[in-house]
Every structure is written in C-alpha cells, then in structure tokens.
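Per-chain numbering from 1; labels A, B, C and D assigned in written order.
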Amino acid sequence: MKFAELREQVYEANSKLGKSGLVVLTWGNVSGIDPTRSYMAIKPSGVSYDDLKPEDIVVLELETGKVVAGDMRPSSDTPTHLVLYSQFAEVFGIVHTHSPYAVGWAQANESIPAFGTTHADTFYGPVPVTRLLTQEEVRNDYELNTGKVIAEHFSASRIDPLAVPAVLVAQHGPFAWGPGPEKAVTNAVVLEEVAKMALFTRQVRTAAEAVPEFLLEKHYRRKHGPDAYYGQK
Amino acid sequence: MKFAELREQVYEANSKLGKSGLVVLTWGNVSGIDPTRSYMAIKPSGVSYDDLKPEDIVVLELETGKVVAGDMRPSSDTPTHLVLYSQFAEVFGIVHTHSPYAVGWAQANESIPAFGTTHADTFYGPVPVTRLLTQEEVRNDYELNTGKVIAEHFSASRIDPLAVPAVLVAQHGPFAWGPGPEKAVTNAVVLEEVAKMALFTRQVRTAAEAVPEFLLEKHYRRKHGPDAYYGQK
Amino acid sequence: MKFAELREQVYEANSKLGKSGLVVLTWGNVSGIDPTRSYMAIKPSGVSYDDLKPEDIVVLELETGKVVAGDMRPSSDTPTHLVLYSQFAEVFGIVHTHSPYAVGWAQANESIPAFGTTHADTFYGPVPVTRLLTQEEVRNDYELNTGKVIAEHFSASRIDPLAVPAVLVAQHGPFAWGPGPEKAVTNAVVLEEVAKMALFTRQVRTAAEAVPEFLLEKHYRRKHGPDAYYGQK
Amino acid sequence: MKFAELREQVYEANSKLGKSGLVVLTWGNVSGIDPTRSYMAIKPSGVSYDDLKPEDIVVLELETGKVVAGDMRPSSDTPTHLVLYSQFAEVFGIVHTHSPYAVGWAQANESIPAFGTTHADTFYGPVPVTRLLTQEEVRNDYELNTGKVIAEHFSASRIDPLAVPAVLVAQHGPFAWGPGPEKAVTNAVVLEEVAKMALFTRQVRTAAEAVPEFLLEKHYRRKHGPDAYYGQK
C-alpha cells in the first residue's frame, strides 16, 4: 500500500473519531499530513466509520490537491483542510465534526468563552467563531473559502493555532487540529466537552465571567512549553 | 413468505430504528411500499423491537388499507402512513418516532429553524409544524386526519416532500420519510440531531437567526441533484 | 423459596429497573403484591441491582408490615408502598426512582403538564405534584406520611390512580405504579421520558400550552378501556 | 509490591471512576491514605484509565510529599490532595473530576442548593463553591493553594467535611471525598447527579427554593449516625 504509514495513522484517527460519540452517521472527517508537508491523507466522502479500511483513505498532493493514492472520492471538505495546512505551519492533523454542543455555539455565531480550567488546559483563550461567509464565497469555492475565513480570523486576531487548536465556523460547526491527527481528535473531544460545560454555566448564571488572564496562562503553561508539569516525562 | 423482499426491507429499517437511540419501549414504526405503489408493509402495533421478526411485518393494500399478509395488527398509525403515500408520489418509506428533542419542538408548536449547515444538508428550509387538529378531526378518523393535516401543510406551502423530508405534528411528534424505508430512518436520525442542536442554539442566543437562502441552496445542491458532490459516485 | 412466584416477579421488575437507565448506584425500588392483596414483596434496602437475587426480595404482610420472608431489611421506603397499596385498590405494583428529569420537576414543586400525545398515551392529565410535608410529618413516620400525602392528593383531586399512574412528591421525586410491578416500571420509564420532553418544550416556548381535553381523552381511550385499539388483541 | 493493599484499593477506586461516566480522556484522579495517615497513594499524571495498573499507583509520604513507591509522576493535583488530608482528619479518600454538570456550577461560581432529598441523602446543606484564587495564589504553588481555599471555606463556614463531602472550586471543578477512596468516588457520582437535577430544577422554576432544615436533617440522619436506618445492618 502506497503511503502506508500515513494512511494507517489517519485511518486510526478516523476510527477513534467514530468511537468518540462526537459523530452520527458518516459525518465528520480526519486528515493528516506527512512530515515533509507534501501529502495529505483524508477520509473518503460519505463512508461509514464501521466500514472504513486503511486502503480507503485517500492521499492528495498538498499543493495541487491532486489525488495520488486511493480509489475513492476524498471528503467534500478536502479544500478546507488543504487551505488550513497551507496557512498553519505547525499543524499536522485536522478534524471536522458536527458535534452537537459545539454546533450549538457555532449556529448562534458565538465564541465559547474560557469559563474555567477545563477550557484553559487546552485553549489559551476563547474558541473563536469566524465571520459569516458572503454569498459570493458560498456560491464559488465554498469549502476553500471556509478554510480561508478560518485562517483569516487567526491571522487578523494574531492567535497561534496551536495555542487555540479549534474554531467554530459560523452557522456551520467546529474544526479542531493539532501536531498530528490523533491529537486533533483529542482536541475535538475536549472542544465538545468544553462547549457543553459552557452552555451549562450560562444556564446557571447568564452573566458568568471568563477566567482572568493569569489563570489562562497558568493552565496553558502547566501542559505546554518548557515548564510543563502535567503527564509523564 | 409472501411479499418477502418488502417485508425484509421494512423489518431491517425497523431494526435500525430500534438501535438508533430514537425510541423507547415499543414506540415508533417504519413502513415501506413496493415499487408499483400497490402495497405497504409496516411494523405491527405495540411489539418490541427486540422481538420483531420479518414475518411479523404486516402488509396492506395501499388503496383500501386491507391486510393481505401477516397475522398481527398493523401499527395504530397505519392510516397516517397510507394518506402520506397517497399524497407524496416520490416517497417510498415513512417513519414515525417520539424522539425527545423533536417532540420538544412539536409540543411547543414551533417549526425547527434552519440554523446551520447540519440542517441544510438534509432539509431545504425549516422543518415545519402542522396546525392543531380540531376536536372533530381528533374524535373521528384521528390517524387519517393526522396524515391529512401533514399533506395539507406541504401542499398549501408548496414544499417538496423530498426537499424537506420531515414534519412535526403539533402537540404530537415527528414523521420523516424518504425514497425508501432505510433513508427515512436516516432522515429521522438527522431530524433528532438537528432538533437538539437547534435547542442548544436557542439556549446560547435566544435571537439566533436562520441561515440565508444561498447557504440553504448550496448545501442542498451539494447532496442532491445533478451537481451533487458529496459521497461516492 | 416461600412466595417464590411473587418474589421472582418483583425481582424481575427490579432487574428491569436496574437496566432502564433510570437509576444510579442502589437508588430506587420496585414492589408488588399478591392477587389477594395480603403480601407485599420489595427490594431490600441499599443493595446494588447487579448483586440482587430473587431470594433477597423481602416479603411483608400488607396490613401489619411484618416481614414474613427474606433475611434482609426491606427498602426504607416500605411504609410509603404499604400506604399506597392500602389506598389504591387496583394497583398491584409500585416503583420509586430518583430519575433526573422527574426529580427536576419535583424539586421545582411543579406538576408536569400534558404537553402532547406521548404524555396523553399514559397519563390522562398532568402528573401532579404533592403538597410539601410539614415539619411534624417529616420528623415522625416520614415514609408513612409520604404515602399519605400522595393518597390525599389523588383522593381530594378525584384522580383515578390507574388513569394517572404516577406522582411527583414535592422536593423529593417520582413514584409510579400499575396493575403489576412490570407495568409500574414501564410507567416510570414513560414518566422520565415525558418529564424530559416537557422540559425541552418549556425551553423552546416558555408559554407552551397543554393539550385540549378531547386530545387527552382520545389518546387515553386508544390504549385503555373497551375501545382500545393500540397493541395486539 | 510495596504498599500493595493501599495501591490496590486506590487502583480499584480509579478504575471505578474510569467506568463511572464522569471522566473523559485521562481527566480526574482518586487518592487514598493508609489508616495511620502516613502515606498517600494516587493516580499517576496523564495516564488513561484503560491502561492503568496497580503498580502504576504512586505512593508519597503524606507530610513531605516525597515519593516512596511507584515509577511514574503522581497526578499534578497531588498538592491539593495532600493539603486536604492534612486539614480533614476523618477523610481517607479524595477524588477530583471535571464532570460536566458540577463544572457548569463551578464555572458559574455558584453553590449547588439543596433542592431535594437526593441531595440531602448525601450532603447536609448546599455543596459550597470556594472563593476565587488570587493572582499570587495561582502563580505560586497553585495546586497547594487550591487545597488551602477549600480547607479555608470549610473551616470558616464550620462545615463538617464528612457531612458535606464535596466542594466546587470556583472556575475549576469539583473535589469529593469520604472515609475511603471507594466512598469518595460514590460521592463524586452523587454530586454529578445532584448538579444535573439542580440545573433541571432551575430550568423548570428559576426561583426554586431549597428544602427546609428539618428535611435536610431527616435525610441526613436516615443514612448517618446512630439512628440510621438506610441499607443493611
């Protein structure tokens, strides 16, 4: 099998997503790229997670989007993934889901505030929501433009994509990412949990406030960077 | 077994419904009709999904409602199914459930707004709620009249039943349908997911707005019609 | 084993409750009485559903509450069950749970309105909430008095316990019952589903209205009495 | 294996937590101490519940925090556990989770009111929320200070930790405890259930009221102290 390692890795991450409880039917997809950032492997479009096999994973050239391995059509969200890899130089795995709590916030066009430490452990600030796409952006190259508005938001707001490894596309749903496909799935799981907790928090107290900057920083540094002390060495 | 293929198909769709998480106890039912639109097969009334066997599926003449195969009583909702097939010429499978989020909206007598792309991928517009039945319509031929108010709504509002393959019966619950019984069950699953997300969206922002027409159209065309590009060829 | 049939039946109903998703830990209990209304069998106190065996079921004399079979202590809610059997002449099975949606309404001291047909299929009217117990009633014979306020409500409001086979004890939780222990568990399952749907309905529309009397009656008569046509003959 | 009994006991409690539905990924941890209050055993940091083995459990000296058995890093929340054991003389097991309903209340900085008997059976009063930590307390010895604000709250409010065996750390999440690690996990399960019910109660009636003192006392005395009559002797 060509690109065996990459396809196996992306297959495993898709299987993990299928068992995560985040997806129903064939919704959602995970992609990953090789260390040289030349090739992207991604779930085929509309295939059920139970039926998925490593050889079903489609491989494309990152720059041209040309399929170089696999017999199936890649996910219809492929252009979104390609744009994100081209803009986020340290990202090596991306996941898209329609997980219900995250979609609830996305459909309300609201960022998820950093209400507590569960959020802060993974996201150094709110999980942002993009602007709405224009009619023109929807009609032509819709999926490509979806990637562009995500990248535009992170660039304009100067957010490091690995410090806030997820976004809500307005009126659509979440994308999450990471230094590899498996970690991207983990971040999608955390995002859904955080979206759920944030809704409960709003229901308990409409005017709930986000954590202060020093708490955000503390939790982020516990898990990231040279002074991290969470987990095993 | 008479009508073996049709009964097997309807049995499989009912089994899928039983495992979908949408139903408790013996609630819900799936029907399907043969390609000539002469016969309808449907779940028997009040039988548990675990006990159900293909030979329990009841077959009726579509025009007369006369039972032509099966030893059990058909679902008490049978007259609703019969009316819908008589009015919706391209529908070959129908499902009725009391899935809780969809019932939540139905009991509130509110249509489910098209808040996002998850909705738009399956429903080209809001999932409508019917008018209330009158005392007369409830007292006599209740289930028949339930079908009539559904068909009346789609006809008066000029909605294509395959473009919006579900409805909420006011103070009651959802019916979903499709080009076959299995797809009808899939649409019932999507409806419940969409009803849940729409409630979450309202909870995040009471004044959340539906997607614009061009986004509805884009998502519908991605999956339906000659330019569809979702899934495998 | 003495009272083998009754204990087996009550054991089965408790097992069904344990698998229903309505209970956590050792919470909840089911009782049943023999056809002569002389003996009551009930779950022992504080025993996990996984460990429960038919011979653990405790049997008491209905009139005196004296234990006549079984080596364990009966449920601490035993006096509530005994009072209800003494007052509700057609009830042969009772279940108590702390299922979360029903408790949510009970703790708010609100009856569950009959918002739709799912409710009306089992409950001919709202599921009522009792008055609060007084300090005196709590301090002395608390569980006995719990039964008394339930019976008081049904008697004063002239509600037939089999037409509305459940109640919410204010600031406490639900009791459900039926013509036997298994049906009592089914009614507890329906109650929790109906409590959940009613909360969703309120969340969609705060001013949601209950169904009209003629719809209540129609659904009740579909399943009960001489003209019932739901289920198999 | 050194400290075999204590590590086995803490391993079992962590396994129980992993299966409880309260935790996702590697979140959460349970600790326990030996009868002489000299040693504490705790889950290693960032290890999945499925992979956990008894020999992975880390043992520390309670007074110094020095690791005396186990090859892995202890949970990053270790200093919080150590402080709590030093302040709560009758506590022999502690659990920390990010269970979503309890976190919902913690992130809203609200205590969970004692809305009903489910709450009162385990918690003799509201489950309190701590004050926010200061910038100084977060920056230096964060986990130690987390334990201190918990102990400070119980001491200043004169709450017996075994009468109210849980707390919400503001903008963070719950800690629960008990006379041993297994009972601590049970209390964490009850806390999450109670947090869920309390949210539902608020959603049904914003102005819902807590139970009166005499009902709190009755339920607490049913299960605790010389006159307890719940469970087997």
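The rule is simple: a residue touches a chain if its C-beta (ideal position, glycine included) is under 8 Å from a C-beta of that chain, and two chains touch if they have at least 3 such contacts.
Bear in mind that the values here come from a model prediction, so they are computed numbers and not experimental data.
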Exercise. Taking each chain's centre as the mean of its CA atoms, which one is farthest from the centre of subunit B?
Worked result: D
Exercise. Interface overlap for subunit B and subunit C, more than half of numbers shared or less than half: same or different?
Worked result: different
Exercise. Between subunit A and subunit B, what is the separation of their C-alpha centroids in Å?
Worked result: 33
Exercise. Just how far, in Å, is the C-alpha centre of subunit C from the one of subunit A?
Worked result: 46
Exercise. By residue number and range, which residues of subunit A touch two or more other chains?
Worked result: 199, 203
For this session: Name, in rising order, each residue of subunit D that touches subunit A in their complex.
Result: 24-27, 44-47, 72-73, 76, 98, 100-101, 103-110, 133, 135, 138-139, 142, 171-173, 199, 202-203
Exercise. Within the complex, which stretch of subunit B touches subunit A?
Worked result: 115-118, 186, 189-190, 193, 196-201, 203-205, 208, 211-212, 214-215, 218, 222, 229-233
